[in-house]
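Right after this note come the structures.
The same chain A turns up in both complexes below, where it pairs with chain B and then with chain C.
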Partner chain A sequence: MSMLLEIDNLDVDFLTRRGTINAAKDVSLQVTAGEVLGLVGESGAGKSTIGNAIIDLLESPGEVSGGSIRFQGEELRGKNEDEMRRIRGDRIGMIFQDPQTSLNPLLRIGEQLVETILKTKRIGQSEAQKSAIELLESVGITEARARLKSYPHQFSGGMRQRVVIALALAGDPDLIIADEPTTALDVSVQAQILDLIRGLCKSRNLGVIIVTHDIGVIANIADRVAVMFRGNIVETGEVAQILGNPQHEYTKSLIAAVPRADKRLHRFASVDYIDGTGDQSSAGLQRIDINTHWLGKKSQLQLTAAQSSEASAIEVKDLSLAFKLQGAILKRNRRMLQAVDKVSFAIAQGEAFGLVGESGSGKSTVARLIAGLHKPDSGSVEIIGQNVLGNQKDPLVKAARLNLQMIFQDPYSSLNGRLRVLDIVAEPIRFYKQSDNEKHTRQLVHDLLDHVGLGGSAALRYPHEFSGGQRQRISIARALASRPRILICDEPTSALDVSIQAQILNLLKDLQDELGLTLLFISHDLPVIRQMCDRVAVMRNGAICEIATTEDLFNSPQHEYSQHLLELMPRMDVIGG
Partner chain B sequence: MLSFILRRLGQSVLVMAAVSLISFSLFNFVGDPVNNMVGQEATREDRVFIRQELGLDDPIPVQYFRFLGNALQGDFGLSYRIKRPVNELIKERLPATLELVLVSAVIALVFGIAAGVYTGIRRNGWFSKFILSGSLVGVSLPTFIIGIGLIYLFAVTLRWLPSSGRAGVVELGWWKTSFLSVDGWRSIILPAITLSLFQLTMILRLVRSEMLEVMQTDYIKFARARGLSERAINFVHALKNTLVPVITIIGLNIGGLIAFSVITETVFQWPGTGLMFIQAVDFADVPIMAAYLCFVALVFVIVNLVVDLLYVLIDPRIRIAGR
Partner chain C sequence: MIAAFITVVCILATMFAPWIAPFDPFDPAQISLWDGKLPPSWVEGGQPQYLLGTDNQGRDMLSTILYGGRLSILVGLAAVCMGMVLGVTLGVLSGYFGGLTDTIIMRIADIQLTIPGILLAILINGIGRTVLPLDMREDFAIFVVIFAIGLSDWPQFARVARGATLVESQKEYVQAAKVIGLPQRLIILRHVLPNTLRPVLVIATIGLALAVIAEATLSFLGQGIPPTTPSLGTLIRVGNEYLFSGLWWITLFPAIALVVLVFAVNLLGDWMRDALNPKLR
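Right after this comes the complex of A and B.
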């Protein structure tokens, strides 16, 4: 085992107007050939910065200000642009997070491969073509010769990531830096790509650095792991040792925050070390007594509808929707995608119901159908006993719809950046005329912001001043403003770090308990579903495979596909407790 | 793909039908054609005779379809003023305009794209800043002022180039070209630069902003990480991606070049269709105006059709979607 990469006391600084930010401080790492090193940490920890610093692709204004990077015994710092170019691709390859954007959309993948091969080796065009085919085959792409002529958009996400890996391998590098290589992929594809990377590492005797925020990925693929927190490496060691018996406080709280698939806990472990302000989701909140608090009172509109407490919160029957992929005059020439295929389920009031599946399984479309954002081709949707597909101006339909609110996945694009938080949260209150005057509206907004752990002072600020987790709290406050009884949460935490995810999920749980909310919780993440939901429906290709209580599904899945999904779940056996 | 082309062709036919209707209506709304044609001393009988000869007594739909039928065969009737067939007049004038537009389009494209790429890559260089502030002149000054300025500098003061007209024309069959003699080139260069300046600026700024955007994308970063040379990154990976929106704008602009050549041709007394049009407007010479309108519309329609096809050729994603 020879030492491939040695980083000693590396400092990376970003010079900004407000002074210098140390993105990496005194970082030391070693990678040997044939070894996978995991670099784990949350966003802003500086893990990508280290990957970029190694191949000298730091985005301006970042710069390496101290320490040394020795690659195969050669100092990389101080090399000029030309020398670095010969190292990039030839000796160090890089894989990026999103295969959708890391390939040039206008060039055939053959052109991109051949171009990269020709740059690194002195061979002719036809030989380069041949070696491109071999490369594609080695990353598991079948019919490689024909595929050379394809454009990136003709590949699925997982296949594209294979192409990206082939490109990174084109120059026969000795070290691969993979920056979140599976974050944008489905869990089954993730497993394949991780297998591929690990296989290549062993067969070609490569050194691999995997940068990720996902402890599950680390547990599956890495030999050793380095944990980063705010630019520092707090702990390094064998995976089993670090995950099973973490020494540092940060590592401990990070691992505790990871949702467990093997057992259900009442709450996610508190992760106060991570943001240093304490667990806002419990400590900072006053409890709400639903019987006296305004959130429990029904609004005028809701009172007009006679809502029995026995009816299901949501009941859908034989819901179907097809999207047109390609229009044509003749019906038989049209290509349709059956996004939702005869879906039926009922959610009892106060229940937390999970919808799980891979991307493209139609789970978000079901949510949108229920919320009225799409119109179904056939089937029925009832909210608290009221059919809501009829005349949308009917006061009964309106009242039923008022009971339902949605929280979206991306906290960045789901808030209007030009509005103040006050106006964002007040919008439903004003729309439904649920307050007597402006002063009362403000009072309600402050109240809501207090409940979601942001504090009333947030009202006068704009969304861009908040972090992803805080924005998701604003979304929750907005959803609660119209006093709904049902919340649809469409992947509410998949854009968030694991510690923030734990806080948001705790908040949702608390609100559910206090307000007696019904939750329709959509996620691709099985452990999260297990922690959040009472019952689960597994979706695939628009249809429901299995509906079971969460405990039953995780202990004895009936359907083949559910079993498959559970098997693919990153294994966390190494984590103790 | 075929259905895409057919649909586009169908749309083009609709546009042309609408334009022909508008040009036809010129005949009925811009004065009485008979009054324009005959002199003061014509008798009432003469007028009635001409009116019948020209078919002006027929119902309007009949007149329109006759106009359309003739127009499809390239016959726009006689010019009221010169008393010669309009299509002959256009055929005589067209080479001058097309050559002028061609030269200025080439100038705008070559310098616009080159300067756009340069300023996009060397974002903070002093030369980029110089080009960018200089390009503001191109957008902010009206064409005729630039033309007059150029004439004053190069023709009046320095006496390097002729101030106006189209000298040194060589005949190739019916096509008269400026490209085969030194005098021809000398006389085309000033009007071509004048005409191109606005388009050049637009292309420059568009290419630059697209370039800046593309350089931020992941695939450029990934190309860097594979160690590709700067040249391959800038000219293969980045430039091709900037061209997609640029081509749309260029297509619209080439139509614009022909339409706006009116002003440049007037300033430089360039004997093209634009100058002919202005003279026709002066004399209310309706057949020429109508024909010119149809002609410009046809150019726009054809250029846009070509642009759409080019778009499909450059961006494979559109090919699959088939729109």
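Right after this comes the complex of A and C.
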């Protein structure tokens, strides 16, 4: 086994106005031929920085300030731009995250491949054409000869990523660096691409570095793993050892934070290693007593709706909505997309109900229909026994709607950047006059921020000063400020790192316990659903395939599609413990 | 930075014209026709107290330019404010409600954009003057000009505001506000409007330069401010008549003042666009 790449004590600095930031500190790595090395860490850990440093593609303020990078015994540091360019396509290939943007949309696939081949090899046009076809075949694209004439937009996301891999292979490299190669893809496609990369690595005896935040990906593909945390490599080892028996505290908490698919835990193990953002929601705070606390009292408006305590929290019947893709005066020329197709379900009060499906399955649209952000074409929505699709000015409808709040997916666009956190959270309190005076309002906001684990001092700051996880906490506080009994969570953690995700999910669970909330939890992530929900509905193409209790669904899925989804779920437990 | 400095100097100089200018062009006692058509002080025949010479009526050019610039900037600012208020209101409503409202408002804007702005301003100006009774025309001429320029200016603001509104109202904080149950009036005022103002402010500075030019053009064509009131446009027009008599300074200096002012405001607009763009910071 020859050493392909050796990195010793690498330091990467970013010079900024506020001083130097060490993006990577004293990093040492080795990659041998025929081996897949996983580089795993959360956002900001410096894992992409290492990948870019190897091929000298660091963004402008970043620079390698120490250490050495030896590729096949040759020092890469200090090489000039020309020499590096030759090494890049020729001996080190790269695969980037987003297959949408890493291909030139104006050129045919064939032209892009042939161009790359001609640049790296001294062969004629027709030979290059031939080897382009071979390349496409080797990455699993059928009818390669015909496909050479296609444009990138004629390929699906997974196919495009295959083309990108073919491009990376064009120069016959010895090392491939793949930066989050499957993050932009659906689960089913992800599995195929990972298989392909691993297969190529073994058959061509390549060294592969996979940079990812997803431990599931590592479990499926890598031979060895390096775990990065804040620019340092905290642990390196065989996959089975790292996942099964992690040594470093950070690795332990990272793995504990990954939602398990095999059994339901009461809550996620504490993930407080990450300094400063400790899991305060569980430890330091007193529990809310629903009977005496402000959050438990109901406003006059809500009381009118709360009469029927026996009714389902949410009941949806035959809900349908079609989006117009193309308008036309003639009905037959219009193109419609049936986003939601005769969906019916009922959620009991206090229940956690999950809605799961791949992207485009209509699960978010259902949530928006219930929240009143879209109007359905047909069907009915009842919130605590009150039909809410009628006249929106009806006090009964308003009262029923007050019981329902929503938490959104993107923590960066769900808060108005021009308002202070205090004003954001206080908005519903002030609007519905639920406090006695301004001082009381502030008190309530501080209290709410405390309960979501932020502390009252956050009130006077602006949203951009907070991280994604903290913003999501603010969103939750805002939702709670209306004293809802039902909370719709639309992919609340899919934009967050795993450790942060675990904290937010813990918080939601605690709040559900303490306040007796009903949860409608929407996610594409089956393990998360398993951890959060009592019952689950599986959606596909706008229709519900199966509704079952979580245990039943995960142990014996009835519908074909549910079985398919469960099979594709990345399983840590296969290798880990 | 330099642009901001020049703009501020221009605005301050014209704002404080009554204190800075050596003469008051509105005071008949200070004007003597005997001193008319004097060249700048460094040219032979010039007099030291008239630094940039005098015009045909014997008014000091420097003072007249300062007073004229004041009027030009005032008209420009007022016209831009009017165009902005009108355009942003219509644009935000159009973007937020969409559908029929959107179609009607934006088609009107499209139709208006097919007519050159200055032509439209002349039209509105002409109508405005005809409608007003004779004795009020002189006094209201400025307001008519402001109205004409502002009204010909709004489609740009409407387009930008509509675009920003379309982006913002898709964002989840607006949807959160809807779920909370806030009335639409509040959502628009508190959430959508403040977040659309950034691009609007940028085109407002560029709009200011255009409005100053529009005012000068109108006055130059004899459509705007009456010639007795000095504005940069009227000064250039008056000078133009004497250009071939060799009295170049009457037209040159106001023209330079106009160019510098517009250039500075434009640079300020560019600088603001970069400063307000989070991607470039």
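List of remarks:
As a convention for this text, the second predicted complex is superposed on the first by the 512 of 577 C-alpha atoms of A that agree within 3 Å, B and C clash if a C-alpha of one lies under 4 Å from a C-alpha of the other, contacts with A are read in each partner's own complex, and residues count from 1 in each chain.
Here, contacts are C-beta pairs under 8 Å (C-beta built on N, C-alpha and C of every residue); 3 or more make two chains touch, one makes a residue touch a chain.
On a predicted model such as this, the values are computed, not experimentally measured, just so you know.
In the superposition on chain A, A:M336 makes contact with neither chain B nor chain C.
Residue contacts after overlaying the shared chain place A:N104 against chain B, while chain C stays out of touching range.
Of the two partner chains placed by superposition, only chain B is touched by A:L167; chain C is not.
In the superposition on chain A, contact of A:L415 is made with chain C only, not with chain B. When the two structures are aligned on the shared chain, A:P428 is found in touch with chain C, with no touch to chain B.
In the superposition on chain A, A:I123 makes contact with neither chain B nor chain C. Residue contacts after overlaying the shared chain place A:L15 against neither chain B nor chain C.
In the superposition on chain A, none of the residues of chain A is touched both by chain B in one structure and by chain C in the other. The touching residues of chain C, counted against chain A in their complex, run 171-173, 175-182, 186, 190-191, 194-195. Looking at the complex, you find that chain A touches chain C at residues 368, 371-373, 398, 401-402, 404-406, 408-410, 413-419, 427-428, 431, 475, 478-479, 482.
Against chain B, in their complex, chain A makes its touches with residues 55, 57, 85-90, 93-94, 96, 98, 101-107, 115-116, 119-120, 151, 153-154, 164, 167-168, 170-171, 326, 328.
On the chain B side of its complex with chain A, the touching residues are 3, 217-219, 221-229, 232, 236-237, 240-241, 244, 314-317, 320-322.
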